[in-house]
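Two complexes are shown next, each including chain A; its partner changes from chain B in the first to chain C in the second.
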Partner chain A sequence: MERPSLIGLALIAPALAMIGALFLYPLGFSLVSAFTEESGRLSLTHFQKAYELYSTDILFTLFIVIVSTLLTGLISIAIAGILTLSETPWLITALRNLYRWPLFIPFIVAAQCMRTFLAKNGLMNNSFVALGLMEPLQATSFLDWRGIIVTFVWKQVPFVTLMLAGAMASIDRATIEAGRNLGASRLRVLIEIVLPQVFQTLLVGLVLSFVTMLSVLSVPMMVAGSQPTMLTVDMAFRINSYGDYATANALGVISYLIAGTVAWIYLRHNVKQGAQA
Partner chain B sequence: MRKGLVAAGLAALLMTNAASAQTLNVATAGDQNMVDYIKDYLGPLFEKSHPGVKVVAVGTGPGDGGSQKIFEKLDAQKKAGAASDFDVVVIHQKAAGEMVKSQLLRKYRDALPTGKLVTRETADNALGTEVTGYVMPMFHSQTALAYNPDLVKTAPGSYAELRDWVKNNRKQFGYNGIKGGMSGVAFVTGWVSAFGGDAAKLEKGPYDAATKAKWEKALADLKEFNQNVVITPGNAGTLDMLNRGEIAMGPVWVDMFYTWKAEGKLPPNTRLKLISPGMPGQPMYYAVPATTKQDKLAAEFVALATSPEVQAEGIVKRFNWYPGIDAKNLEGKLDKAAWNQLFADITPDSLAANGKPFPIAPYFNDILESYEKKVAN
Partner chain C sequence: MDSSVVAAIDVDRLQVSYGSQPVLHGVNLTVAPGEFIAILGSSGCGKTTLLRTIAGFQKASGGSIRLFGRDVVDMPPEKRGMAMMFQSYALWPHMTVLGNVGYGLRLRSVPKDEIRSRVAAILKILGLSGLEDRTVTNLSGGQRQRVALGRALAIEPKILLLDEPLSNLDAKVRIQLRSEIKSLQNRLGFTAVHVTHDREEAMTMADRIVVMDAGRIVQVGTPEEVFDRPNSPFVASFMGAENTIELDVRPSGFSVEVHAGNGSAATWDGPVPVGPVTAYFRDDAASLEDPHAHIDGSLVLPGRIAQRTYPGGSYRYLVAVGDRHFSVTDGQYHEVDRPVGLRLPLELLHLFPATQPKGKVHA
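For the complex of A and B:
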């Protein structure tokens, strides 16, 4: 056993202090504030209030984030699969040049674009009408839960695809070629040979996307009306309108729990993999 | 905070610089347009009638936060026993109540020649705190229903008529709930005043925590009403949807409405209606700090600012606000076009009858929380 070196400790001390001051302390503070009354007694009243006021929004948030994550996964697999397995060079070039763009656009800008794109008489519906694909009266607004999901998926697909395509490029191409030589279709190669080899990466990408989407404030605030809405909007509202940090923190704890569950699934999977290896 | 310090520093600097001439420091909460109004319009006008005086405008930031900074500075100066270096302050309702309670303001209105021109209740009562004599309303901004006459031939005249109209015209009415800005909040408090019984008590108090139990029916009705409306994203969201023809009607701030219309962001035929029994609005106040050494000059400044001529030309014509003094005093002072623009849809009588204050602070919070519990969840 080596003696812990003082220099080593000194080197990581700034980083530890940062984590302590900027993450652990506020986290502990918000936990304490969520679970105590003004008198300092432990209680669940703030959670009761959070439930009374926002139970619909909690379910709504879960629904939005889960659906968006699943769609992000599906579309990313499709794009990364085409990039890896397609035999049409122009398609690969076009996709490769296009798919990363949303990565460089902030959520709030994306939300602003979607606001005019997805509106009832917005760019999308107007284009459909102009193309003769739709009657003006059939136009409906997508600025509700669907708008939020579209924005989230549009923003997160490039991120997951970037990770996934990288992982797919680094697997042993001999496995793919073997499959193709034995007559498997490209779809079957993707599902049975490529995906299992990059599953770990896909999971990481989706877990990170899930947590990111859970914490975005601008998109639900700008794209959809406030009833129902996501927990971030409710937290901002409690603080801005009432200075009610306790209920906001209770909602925060509920968000931690949701994010924690996903992290737990991921870790469990990791441990299992480690045991197999 | 930093902005406040910079503002204070700036004010101090200007004070010392202009020691030879007389300087009147005006601190204003609110957006940039408030500073512009004083710097570009009111200040030069006052300087012209008072040679040797220089008016300095300092902005402290938008919303109640801006008023809070003025409060903190006056409070600190009072505790330090120093004279205030703000001579006139422009503040929101909530802060005005606090400042009067903390005795930071001078009771100056009764001696003001324009003091008698004020008729609105908000000049005497700021969200439940008696402020009679301490404040002079600078302008009033009001919520009203905006509608598209191509789609709505006869607009509803009351909340009850609106409820029926929405039943027959599904998804044609839109508002922004209570988390997306004050026009939705105003619509909801107006609804509770209309259907919750005893509207006068909500405006004047006294506060009784048991009152909210009486709103059950009104809120259940609002929940049903919400099934047939569009919830828009924000004050601007409602105007946006009106502009694109996605909704035919919705509650908006009147000054925002006119500004958007003037900029071509709303169809020119869009109109306004202030429905009964009333929708809320709110003023900004001119007040004079208790410890300023230039109280006489400050009073003269406010007198000019609230004279019918300035209210007509500056507040109404240039900035699309409602006058702080009774609108009747402005007749004849405005040219026809400006008058038509501001008062054609909502007449001075209708404004006096249906322009209401927001409920007093504790009821206000109760209404919003009951809405979240009973209507939104």
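For the complex of A and C:
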């Protein structure tokens, strides 16, 4: 039995080495450097500095990511729900063909598009003015926190919808029909019958989106350049302007903690589900 | 049906298409309140489509459906007020037994305590008492389908639709549930429409059987009528008369003479089509006699036993007559290869005019 396990180990060794070299080592290194002073003594000085300089940005980041995740969830549920429950064939076809497009557009391109779309004299305001919905003087720029949220949601909705619509399509259609047969409207069927059956998938999609949005640099940098901004921009700034890796690492650890909390919620739910099944 | 009573279900010239493919070609069907109807047919005949159109899951392209006089053809399924049982049980895996059975009541804003007591009463009828808080994924197939039956009956529906709900169950549970559904229907008086491809299930449960073929209803009648007097070769063979033989019916005074190809003949005074006919008969309609026997009202065809099997109760023989083989059930034991007379009592044959063979068409 010893030989196969050695062969097995040899087979996964390259992958393990890659994880070690490209992920675990830098992670460990940044953790250590976040918690040590230049003299090598353990301390929380860098965190104190990070907190003093960027506490608003930490809250801002949390706010942006949580709101974006919630909106992404709501819109994805709506689109996947329509794809699953609608009885209007043209609507389903149109949505199915349209909703995936943003998946193929990189964040930086999406950010650039949003700059021209959401600016004071951007496409959105110009269209509203042209449609007579708004006076030119009322036009305001959306290139602030709202811009970031719009870009994140626009970019992540297709991803979550893709997962969710797939999961909804694979549940037993008769469970939907049984609900409607007993008198449930399509909205009630969606909320009480379909969603609980695909909740796990929704959770995975939202956790992955949350972590992705937390780590995007280009969008907050391009869409909303001013203060307050997101932690990714602060980290880039500490490194590029001051070569201050220690504070950047401390901010990185804070990001890990936020991402880790979400992952923990997800894992906890998974374990609960596993125990029930 | 008494015409003064409003029909529970009145399907009138119903047409349904999948895209450009027509599936139901103008189906007419009237079901009386409290009646148990079985829709029988081979797969693809449109029986499930008919049921799903009545339930509202399939849009009609023409015709009307009236439930107790109310036209529902353009109504969404949730407004039609029917209950349905599905082949896959269609229980909601994230809910308990109580949640599943009580859902219809919850939709009708029944108070929680009342839901609990009504669900308990239904579970008692179905022999599932005490399982309220069990998740449905922890139940056996039979229990699951009972929960589905409970869920359907909880809202006290006037009409229950059954979409092959017993076909996933093992034989014993299936037979048990058949009689449970039937006796509940007698007791509660709901109207039931049961789609099945199982002939015996349809025969034992239904007051009337509707046989469908290729998107049309081909015969409607009591189980006895459909079984004993099929109105077409299709219904005859679908109801089990799978042996066929070509005969010739010639008028002879006030009666007719029925001739088989080998010279055997019998006189008969029942109503039969005259000319070349095809006779359909079940394997238990024929019996085995002496090859030279002459029996009034029966044809006796000399043949030889080609195969014998014992499915239990009586023997099943494959009898070779010339180059044809017929399957026959007979209580007596006979050796294989023994010469026998295949006795066909004329009263048990279903005779239909023979369709012209292709080679003889000269248009």
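Here is the rule we go by: the second predicted complex is superposed on the first by the 273 of 277 C-alpha atoms of A that agree within 3 Å, B and C clash if a C-alpha of one lies under 4 Å from a C-alpha of the other, contacts with A are read in each partner's own complex, and residues count from 1 in each chain.
Operating definition for what follows: contacts are C-beta pairs under 8 Å (C-beta built on N, C-alpha and C of every residue); 3 or more make two chains touch, one makes a residue touch a chain.
As the structure is a computational prediction, the values presented were derived from the model and not from experiment.
The superposed arrangement places chain B and chain C next to each other on chain A without a clash.
Shared-chain residue A:39: touches no atom of chain B or chain C.
By the touch criterion defined above, A:229 lies against chain B but remains apart from chain C after alignment on the C-alpha atoms of chain A. Of the two partner chains, chain C is the only one touched by A:193; chain B is not. Touch counts on chain A: comparing chain C and chain B, the chain ahead is B.
Of the two partner chains placed by the overlay, neither chain B nor chain C lies in contact with A:97. After overlaying the two complexes on the shared chain, residue contacts for A:242 are found with chain B alone; chain C is out of touch.
Note on the composite model: angle chain B-chain A-chain C, taken at the C-alpha centres, equals 150°, rounded to the nearest 10.
Look at A:185: by the touch rule set out above, it reaches chain C but stays clear of chain B.
Of the two partner chains placed around the shared chain by superposition, neither chain B nor chain C is touched by A:5. In the superposition on chain A, contact of A:172 is made with chain C only, not with chain B. Closest CA pair between chain B and chain C after superposition: 47 Å apart. The contact surfaces that chain B and chain C form on chain A in the two complexes do not overlap at any residue. Chain A meets chain B in the complex at residues 52-57, 115, 119-122, 141, 143, 221-229, 233-234, 237, 241-242. Residues of chain A touching chain C in their complex: 172, 174-175, 177-185, 188, 192-193, 196-197, 276-277.
Residues 176-180, 226, 230-234, 237, 240-241, 244-246, 365, 368-369, 372-373, 375-377 of chain B touch chain A in their complex.
On chain C, the positions that touch chain A within their shared complex are 55-57, 76-79, 81-84, 86-94, 103-104, 107-108, 135, 137, 148, 151-152, 155, 161.
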